[in-house]
């Protein structure tokens, strides 16, 4: 576990053509500092696994406009029209998954599960080409696990071992993503000493985390602000 | 009109229920709950959603529509996998959703429009599969005055499961064994208007609501 | 959600031939009061899903000796020799699962998943008769989800809505079991008012819980003691 | 003897490692760790296992062997599904296990004896599948003096995966591409004794440990 002093250092190991999970539900719980740093890094051909690909010209949306993203895997690309446009122009591949399937597949990836059967999506356009199986009289479709080279997550507090706790609904996809990538970096508001987080309260035990860095961009009522 | 629909939907919610509210009209349902014993679930990870005053807004506490909400006493937070495990594992009693279309069997379309750049499904399919009861709240017709209740959906369906109840500004329909039953005429509506603006066959059954209809 | 004043009331709805999940890893985190009450109830033909079937003449072990258990599904029956003996006599069916598979299958049951692929157990005696599938070059076996009619769980504190928190390693199987049964009863040390448990700390949100009751038997350094 | 084996196993643990200790000799390994930077995981739901004094015993904090343990600073608790997700998802660096038998390919048997009433597997198969490195600690022979290192296991195997290292009171074996390499002779042992008491073919490779052997 490494404590990075800048986001730039934190994402030094990221490379072109990697698969990167990015936490957040819209801007809420998104690692805004790390995303911003990624827009400044010379990489391309990325596969991004994230609920959405930012908003128009914001967050992951910048990466899309920079054509650094080869493929997006998520549940809701609607909120950024640029994503749909890039897709129509054939510049961007998209894989649309029900939100619960996205969350569950990431969890499966982190838990060493190869794939699982869900009844969400059965008989819809999103099940086309997916293996069907009947279990106890119910129809299910197969969904493979998702894993990544890197996960960029947003937490509230970390201790110096790398244990993480999250803040309110900013928790969302972050805890699963922290389990499902080879290299996990968490952007946090506060770094505390081991023992300051209650052992019963820790959501992401440190064995999942490779690096932490303090957030330099935070979400406020009035939008994203730079701090420190 | 929206509040009329939301108010009617609120009457369906039994004390102690766990209810997931979709975006749009469904969000308004919470304003019409008299009793505090209804628990609102939002799929981004909170059980115990309440209203929030402008002054108390926390940008990190939002609902599925990414709008700021409050935290009820006894609320709890959880991650998205756990949240959808609740939905998909049938632990949510009622989901109230908006739709683009609903058909004669009670199947709905609410996530994609062919030829349009809408590429989001969010939690719609999960809720359709997992919630014990599905209530649709919607305007009876779309902006161009065409019926949203059709013989068959022309947009991609959200699930092969029928919804349970459909509430519009004109009528309330129940889905029974894959057939629509008009069970209520809403205030300022008439059976003639309902017949005119509903492009799916439906039966009429008023026995449960006295003289309210016809 | 109902607050029961006695364990007897709490298990009133339990019936013969039901499938019952029982929390705990040995005696740790086991609902000792509810189990004790179950030994006094006139039921038979039960299927018990629990990591182990108690110890010789203790806990679930009494149920086994009373011949109330038709089948046990768990990972470690070794610690109660009576279980092996009843099995050899043909009086008890057993389904042995790797501990991780047991835990994961219960979670799957609560999450609406039909089943999943794990590589644990592949090529061993415990995979005999199980469907095999290769995913990305790795061999997996199919494991179906586990669900139950009733779950008896042990928590530390409950609020009056039914939200639960657990104590240390007494957490073990309890949170998953609380999600995977139609009717969930939690035995707790303490019942507090809503708001007294931190929303970030609640492990089992109340929507999973049907009833709570205070523990009358607790595990101490010197063994199980009756209180109150 | 047990401590000798445990001490040797402890030398394998790199700073920062997450280590799962099995029942028996593996439990002793923790006593031989000089540096505090090794994190012990127990599959019943605790990362950060430490020793506990008799006076501080809490009956609800135990390890996989149901023995009382302590909670390290920075420890965390989690449920069994999360704990095995850590193991099966390859987030545990090293598992140290006892075995009944190990064969010429490094396959082990440690959960069942044919004809005996042992009907427990616990977390053995999960650890074999998921831990990045598997170290076996065991007595070289069983009570009746027969070798526990055999050409082929006669008991049911725990996994089709070979272990990485085998440490007995007589020798240390490394498994390389499904073959045993004796890489170290333990104190008070000899290559003759190892050859006599090992019923599996093995190669000898001492190049990594200077004059220690032979």
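Per-chain residue numbering starts at 1, and chain names A, B, C and D are given in the order in which the chains are listed.
Going forward, a residue touches a chain if its C-beta (ideal position, glycine included) is under 8 Å from a C-beta of that chain, and two chains touch if they have at least 3 such contacts.
Only a predicted model underlies this, so the values are computations on that prediction, with no experimental measurement involved.
Undergrad: Using CA atom averages as chain centres, what separation in Å is found between chain A and chain B?
TA: 29
Undergrad: Between chain A and chain D, what distance separates the C-alpha centroids? Give it in angstrom.
TA: Here chain A and chain D have centroids separated by 36 Å.
Undergrad: Measuring from the mean C-alpha position of chain B to the mean C-alpha position of chain D, what distance in angstrom results?
TA: Using C-alpha averages as centres, the distance is 56 Å.
Undergrad: Taking the mean of the CA coordinates per chain, how far is chain A from chain C in Å?
TA: 33
Undergrad: At least two partner chains per residue is the criterion; list those residues in chain B.
TA: Expected reply: 71, 77-78, 81, 84-85, 87-88, 129-130.
Undergrad: Identify all positions of chain A at which a residue touches two or more other chains, and write them in rising order.
TA: 104, 107, 111-113, 118-120, 166-168, 199-200 - these are the residues of chain A that touch more than one other chain.
Undergrad: Which category does the touching pattern between chains fall into here: line, ring, star, complete, or other?
TA: It is other, because the touches fit no line, ring, star or complete pattern.
Undergrad: I'd like to see which chains touch which, written out pair by pair.
TA: Contacting pairs: A-B, A-C, A-D, B-C, C-D.
Undergrad: For the complex, give me every residue of chain B touching chain A.
TA: 42-46, 57-62, 66, 71, 77-81, 83-85, 87-88, 112, 117-126, 128-130, 156-160
Undergrad: Applying the document's contact rule, which stretches of chain C touch chain A when the two form their complex?
TA: 104, 108, 111-120, 133, 135-136, 138, 140, 144, 165-168, 198-201
Undergrad: Looking at the complex, which residues from chain D come into contact with chain A?
TA: Per the touch definition, chain D meets chain A at residues 16, 18, 39, 41, 47-48, 71, 73-78, 81, 84-92, 129-130.
Undergrad: Please output the residues of chain A touching chain D within their complex, sorted ascending.
TA: Listed in rising order, the residues of chain A that touch chain D are 1, 107, 109-113, 159, 161, 163, 179-180, 194-195, 199-200, 202, 205-208.
Undergrad: For the complex, which residues does chain A have touching chain B?
TA: That would be residues 25-26, 28-29, 51-52, 75-79, 81, 83-85, 87-88, 94, 96-104, 106-107, 118-126, 166-176, 203, 219-221 of chain A.
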